[in-house]
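Multiple structures are listed underneath, in structure tokens.
There are two complexes below, and they share chain A, which is joined by chain B in the first and by chain C in the second.
Here is the complex of A and B:
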């Protein structure tokens, strides 16, 4: 079953390079001790994933990924890091049993997923994607997915107001 | 090994690393960032299937756009909750947020 008959095309090399970057960023993020280093290496992973989206002919999604994850989410997390104190960074260790159990569980989950991916038979695609990616996505968003699109805008407004209301300092309460 | 299987394997690796981070880290900001990593792995699956699926279409990319929007909203609300908790308890350690358990 484990026949790795890989055809070495340019796409495979691009995929391999970006995949190594993404995994290295994620592993470093889990292993760093300082919180800011973790956030920055996860930003590296997000940039590598944007590159993978470009390889997958999803240029608009790649652009949104850079704008939203690298631009917004990482910066928001760094704001969160700077507004809170992290004096207990050095004493993270001390729960070896929990970490071992979590690692075993994650490895088991990966094993199951890998087995499922290897044993699934994927059919070859028959038609290529349209060339003008952004134009097609815009047309889809404003015709087929108009109602979900508007609902997402409502949700963003609600989340924005909710975040402001939650983080606002309550003056009258002690 | 087709390209689709490679992308799915990469997404599985990223998802498992994110899950490990969620389960073991004590800092609430790192837990939120690990959740973002898991959401990104799911997005990678969606985009990979939109190119290499049986019927390639842009629907997968539209779904990944919606998922990214929801992830951004979740991150904003998560950081707001975190700052409100930090103001009350002066810590971001998720082990110490156990008022409901006591």
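Here is the complex of A and C:
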């Protein structure tokens, strides 16, 4: 189960660097006390994850991830934080029982995931992967999956109009 | 790049990457130095004055002297600023601006990374600079800086939408987001370049691009008369230099993108002229776009905040969407590239 055979290719270095960055970002996001710092380290994790997608040769997913999560979601969070108060929150008291339980739960989850990943076999697909995967994603999205795609766009439009309607109503009754 | 991917890492490969990056950095810094010089000269001539003419022959060393001054200046950090973020923000603004240069094809074989989502890469990374600007405004702990940062974020997010939409037409005609394929699609006479069949998209692209660059007439984040200087009020010395540098690198990147997407990249205007190397054609078109940016800076007044947002959402976005529909109809009726 624990057979690690590693050759030091560029891919290996890129993976390790990005994986460490993603974990560091996530840990810092939990540990910082100021909310802006948390949002920024979350953005750092998002960027590292995008880098991991690039290592997997999923460029389209990677850059959409950066565009949406870093470019839009993080900026929205920072905007929201700036509008609210500036001072950092006080430290909460530690709760030893809860923390111990959480730690045990985390260790169990890690064990299960580690076992599952090490014992899973990743079969190679029969057909070779297409050379230009962005092109094939686009073709699949607009032919085989056209109806789900359209449904999602209708859902987004409804949410958009709903948001405008809610904002308008608040504006009308000050 | 793929061939370095699977082979074992050696110092030689790392050295090749390092040399490539240093070469681009040198070219870009040279560009920025003389873009600032020409910007001041051109605006000077348009306003019937001389522009810089004292330092060095014809004032050619003016920017060098300015940069030296910035580097030697005392580096101040406000006492109540958020120190870590204040220091981080200029670096965070500069990094993506330099990274976007990796995908720009200057010629058929002169490109660092041949990415199949080239344009998306540019848009995604330029969003990180927006974060840096907001963070700079917030970390300075100054109300003018915060307002400037907020304005900048709102403006850059709003104008990103029409910018992306205006390029969709080009991507549809070329059938690819890869910048090299887009240029190859425009081969032939100059009426095959995208700016004629995609004239609406080109117009939207230019307006949205000027706004993305935060330059006059859309320089509200730095409006001197109302906001002192915007998000970099508290910055001085080389941190300020970094913000300026990343701003001018984006000018470089947008001018390259405009050349590639709409002006045919390295293609000559007539196929008979292809004995002149493609790099020269690329440089000529690039220089035209940069000059155009200086020109509108010298001649147009600044917009009001409310007009700015209205322009993005009520004019540019509908135009860009209409352009996508028209392009789709055109491809349906006349076939690709019609």
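To be clear about the criterion, the second predicted complex is superposed on the first by the 148 of 174 C-alpha atoms of A that agree within 3 Å, B and C clash if a C-alpha of one lies under 4 Å from a C-alpha of the other, contacts with A are read in each partner's own complex, and residues count from 1 in each chain.
The rule is simple: a contact is a pair of C-beta atoms (placed from the backbone, for glycine too) under 8 Å apart; a residue touches a chain by one contact, two chains touch by 3 or more.
Treat the numbers as computed from the prediction; the structure is a model and nothing was measured.
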Problem set entry | First (chain B), second (chain C), both or neither touched by A:134 | second
For this session: Could you say whether A:63 touches chain B, chain C, both of them, or neither, answering first, second, both or neither?
Result: second
Exercise. Now for A:118: first (chain B), second (chain C), both, or neither, which partner does it touch?
Worked result: first
Exercise. Touch check for A:75: first (chain B), second (chain C), both, or neither?
Worked result: second
Exercise. Is A:155 contacted by the first partner chain B, the second partner chain C, both or neither?
Worked result: first
For this session: Check the residue A:28 against both partner chains and state whether it touches chain B (first), chain C (second), both, or neither.
Result: neither
Exercise. Taking the superposition as given, does A:49 touch the first partner, chain B, the second, chain C, both, or neither?
Worked result: first
For this session: Considering only touches as defined above, state whether A:37 meets chain B (first), chain C (second), both or neither.
Result: second
For this session: Go through the superposed model and pick first if A:11 touches only chain B, second if only chain C, both, or neither.
Result: both
Exercise. Do any residues of chain A touch both chain B and chain C, and if so, which are they?
Worked result: 11, 60, 64, 72, 79, 133
Seminar exercise, completed: Listed in rising order, chain C residues that touch chain A in their complex are 4-9, 13, 82, 84-85, 115-117, 120-121, 123-125, 127-128, 130-131, 134-135, 138, 146, 150, 153, 157, 160, 175-177
For this session: Within their complex, state which residues of chain A touch chain C.
Result: 7-11, 13, 34, 36-37, 40, 43, 47, 50, 59-60, 63-64, 66-67, 70-72, 74-75, 78-79, 82, 132-135
Seminar exercise, completed: The answer for chain B against chain A in the complex is residues 1-10, 12-21, 23-27, 29-30, 32-34, 36-37, 40, 43-44, 47-48, 50-59, 61-62, 64-66, 68-77, 79-84, 86-87, 90, 92-93
For this session: Would you tell me which residues of chain A are touching chain B in their complex?
Result: 3-6, 11-12, 15, 19, 22-23, 26-27, 29-30, 35, 38-39, 42, 45-46, 49, 52-53, 56-58, 60-61, 64-65, 68-69, 72-73, 76-77, 79-81, 83-86, 88, 92, 95, 98-99, 102-103, 105-107, 109-110, 113-114, 117-118, 120, 122-123, 125-130, 133, 136-137, 140-141, 145, 148, 152, 155-156, 159-160, 162-164, 166-167, 169
